[in-house]
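Input: a single structure, listed below in structure tokens.
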């Protein structure tokens, strides 16, 4: 018994020290493409004199000296957390940074919070986050709960398949095929109408792994997200390129904070006009190989 | 212990039996080795042991995250462990109460939480009560479920105590609550300690369900690491399991070892007292 | 409370319920078989098998079920084992539950009086016969109470499969939540379904205990 106890203690100590000891610093190296791309990212001038007292959310954030922004952590080139360098990168992250700069917050004053899709409305309404930037489609149902700035990007539901797949040319071809997506996304209902057999996990990476082992025939969600995965798994996967929905990505904020909404829209407009939007796109989503689309018109309300 | 059984279940092997056992042993070893080798080589073919799959674990930031995850796991576990034993004690006392109005509802509460999947509880608590505090959803969920189980353990412990314990306490003029809380419960907890800690091992493992509600515990960290690392051979889910599982196993074994140690120490203490009295 | 009877929800709920029952029942069967084999390994005269049994129990009893699901669902396809999500779930649940069954059986074997096995051996029975026809049937009586906790826990544990593409009751709960129904109402129905399952299992074990008690 004594021996077993010692072994147990040794095992746990070993496990923990193995984790703590001997590490590599997350210096940008060849293996992480995002880090080298970071060089080309635009920098945003912080409007130190920004004043928006009409917005209680802004006033509170200013008082605390930090802006809390909700984002996704697992979508390459959109909202992605690089665990080796402990930084966030992607197009959504850039949009958030440019808006924050115009609201008077430096990048280091942004506190990022990973919020999953199902919790976005509660997090905004409850004030746990001030803004949400993470493939957040504007729709009427959500507008009853939150307000939107933007849209800043227009995506559409698409399909990701293995490179050698020639059967699946569009959503119609997914009948009786195994299609993977994440739980709680609107993509599920849409693809079901085409008669696909739906597999659902809670992250896209799990779906993509299943696609790589050919257990599913396709992965479906917004093309912007799929492009990121196609680029990350270059040479193995391709996006079909026939979108079958329109998703307008907006910046989510607390409902009826019109002052903040207008300020977010002004910020987006300014950075779209001065070329930052395009630069940010090229340095993030653009890496997946598709050229920057036209800047969508803002929908102020 | 198993050798003791073993000798009961079969004769001391004679020469032919020894050969038979040896053959079975060799075949068994070969079988297990073949299975292991097959799994290893297929995984290696699939690139699961390539440097790309594992290099992510070399980064200090990633190691830090695993460590933070382990600490978050231990924090949720610590809170849930304390709360569930306290809650369990209260429920056990309630179930043994003389008052029907107290006994019936506590029995209902115990039966309800024992039947409810933790995942369902945690998810409901998260969505309804603690959308901003996944840790509390997890801790309260664990407390409700494990509290109900601990209650049954403690109740059994109290019921198996010699009746004289309670009677003597009453004879000293103690009230019901005093008898229960200062005489019966401490002894019951002491005698049931191994079982209670066994249930705490379950509590520790169940903290991993926190990943469903984005509490950044060990499994959540592992999953995020695997999901955010794409390699030419897919995502390192297998390396993640091979890194995370030993940590959980180590923690659980350490807890079990603690149970054994406490048991041994408790026995020693009891012996000392009896000999001192005598 | 009426949400169950609108918008095709009943069929979603009903299928989730059936899937939970099916998953639990099949896993219970395999867990029992596996647990029996592992217990036999752990008391067998062959050291390698004993070590295998001990190792299995140590690993699977101390690994969170969710992590085990990750292992099964993502590792087996890499070994060219391509099966349905349901089958993967059965494998993970039985591997996990089997370890607990093994431990219960093993301690049950310890409660059978030594004389029984000795008598069997003196009649010339071998290890397999002694264990299978004499010791295990008698152990069954004393293992029933701990066994019932294991099999009440099994349907509860099966909820984890909902996160791995098995459309059982946890998936139903999530689906209702996504449809925007109040979580309390959803919880009410799901809870009711699990209570039903749990009480059925306890009832079955009570009947079994009574039957075996008469036999004594």
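Order as written gives the chain letters A, B and C; numbering starts at 1 within each chain.
One rule holds in what follows: a residue touches a chain if its C-beta (ideal position, glycine included) is under 8 Å from a C-beta of that chain, and two chains touch if they have at least 3 such contacts.
Each chain and its UniProt protein: A = Glutamate transport system substrate-binding protein; B, C = Glutamate transport system permease protein.
These numbers come from a predicted model, not from an experiment.
Chemist: With chain A set aside and the rest fixed in place, how do the remaining chains group by touching?
Modeler: The remaining chains, counted without chain A, form one piece that is still joined by touching.
Chemist: Find me the chain with the mean Cα position closest to the mean of all the protein Cα atoms on display.
Modeler: Here the chain at the core of the arrangement is B.
Chemist: Count the C-beta contact pairs for A-C and for A-B, then tell me which is higher.
Modeler: A-B
Chemist: Farthest from chain B by Cα centre, which chain is it? Let me know.
Modeler: The most distant chain relative to chain B turns out to be A.
Chemist: Centroid of chain B to centroid of chain C, CA atoms only: how many Å?
Modeler: 17
Chemist: Can you work out the whole-Å distance between the CA centroids of chain A and chain C?
Modeler: Roughly 39 Å, centre to centre.
Chemist: Between chain A and chain B, what is the separation of their C-alpha centroids in Å?
Modeler: Computed value for the inter-centroid distance: 36 Å.
Chemist: Mind pulling the residue numbers of chain B that touch at least two other chains?
Modeler: In chain B, the residues touching two or more other chains are 212, 223, 237, 249, 253, 256.
Chemist: Which parts of chain A, given as residue numbers and ranges, touch two or more other chains?
Modeler: 202, 206, 209, 213
Chemist: Which residues belonging to chain C are in contact with no fewer than two other chains?
Modeler: Where chain C meets two or more other chains at a single residue, that happens at 74, 78, 163, 174, 177.
Chemist: Over in the complex, which chain B residues touch chain A? Could you list them?
Modeler: Spelled out, the residues of chain B in touch with chain A are 52, 55-56, 58-63, 65-67, 70, 131-132, 212, 214, 223-230, 234-235, 237, 246-247, 249-251, 253-254, 256-257, 260-261.
Chemist: Under the stated contact criterion, what part of chain A meets chain B in this complex?
Modeler: Those in contact with chain B are residues 1, 4-5, 7-9, 11-16, 19-20, 22-26, 31, 73-74, 76, 80-86, 114-116, 119, 122-123, 126, 128, 202-206, 208-209, 212-213, 229, 232-233.
Chemist: Write out the stretch or stretches of chain A touching chain C in their complex.
Modeler: Per the stated touch rule, the residues are 118, 183-184, 199-202, 206, 209-210, 213, 215.
Chemist: Residue numbers of chain B touching chain C in their complex, please.
Modeler: 1-2, 5-6, 8-11, 13, 17, 21, 24-25, 28-29, 32, 38-39, 42-43, 46, 48, 112, 114-120, 123-124, 127-128, 201, 205-209, 211-212, 219, 222-223, 237-238, 240-241, 244-245, 248-249, 252-253, 256
Chemist: Show which residues of chain C lie in contact with chain B when the two form their complex.
Modeler: Spelled out, the residues of chain C in touch with chain B are 42-50, 52, 54, 58-59, 61-67, 70-71, 74-75, 78-80, 106, 109-110, 114, 117-118, 121, 126-127, 130-131, 135, 152, 155-160, 162-163, 169-170, 173-174, 177, 183-184, 186-187, 190-191, 194-195, 197-199.
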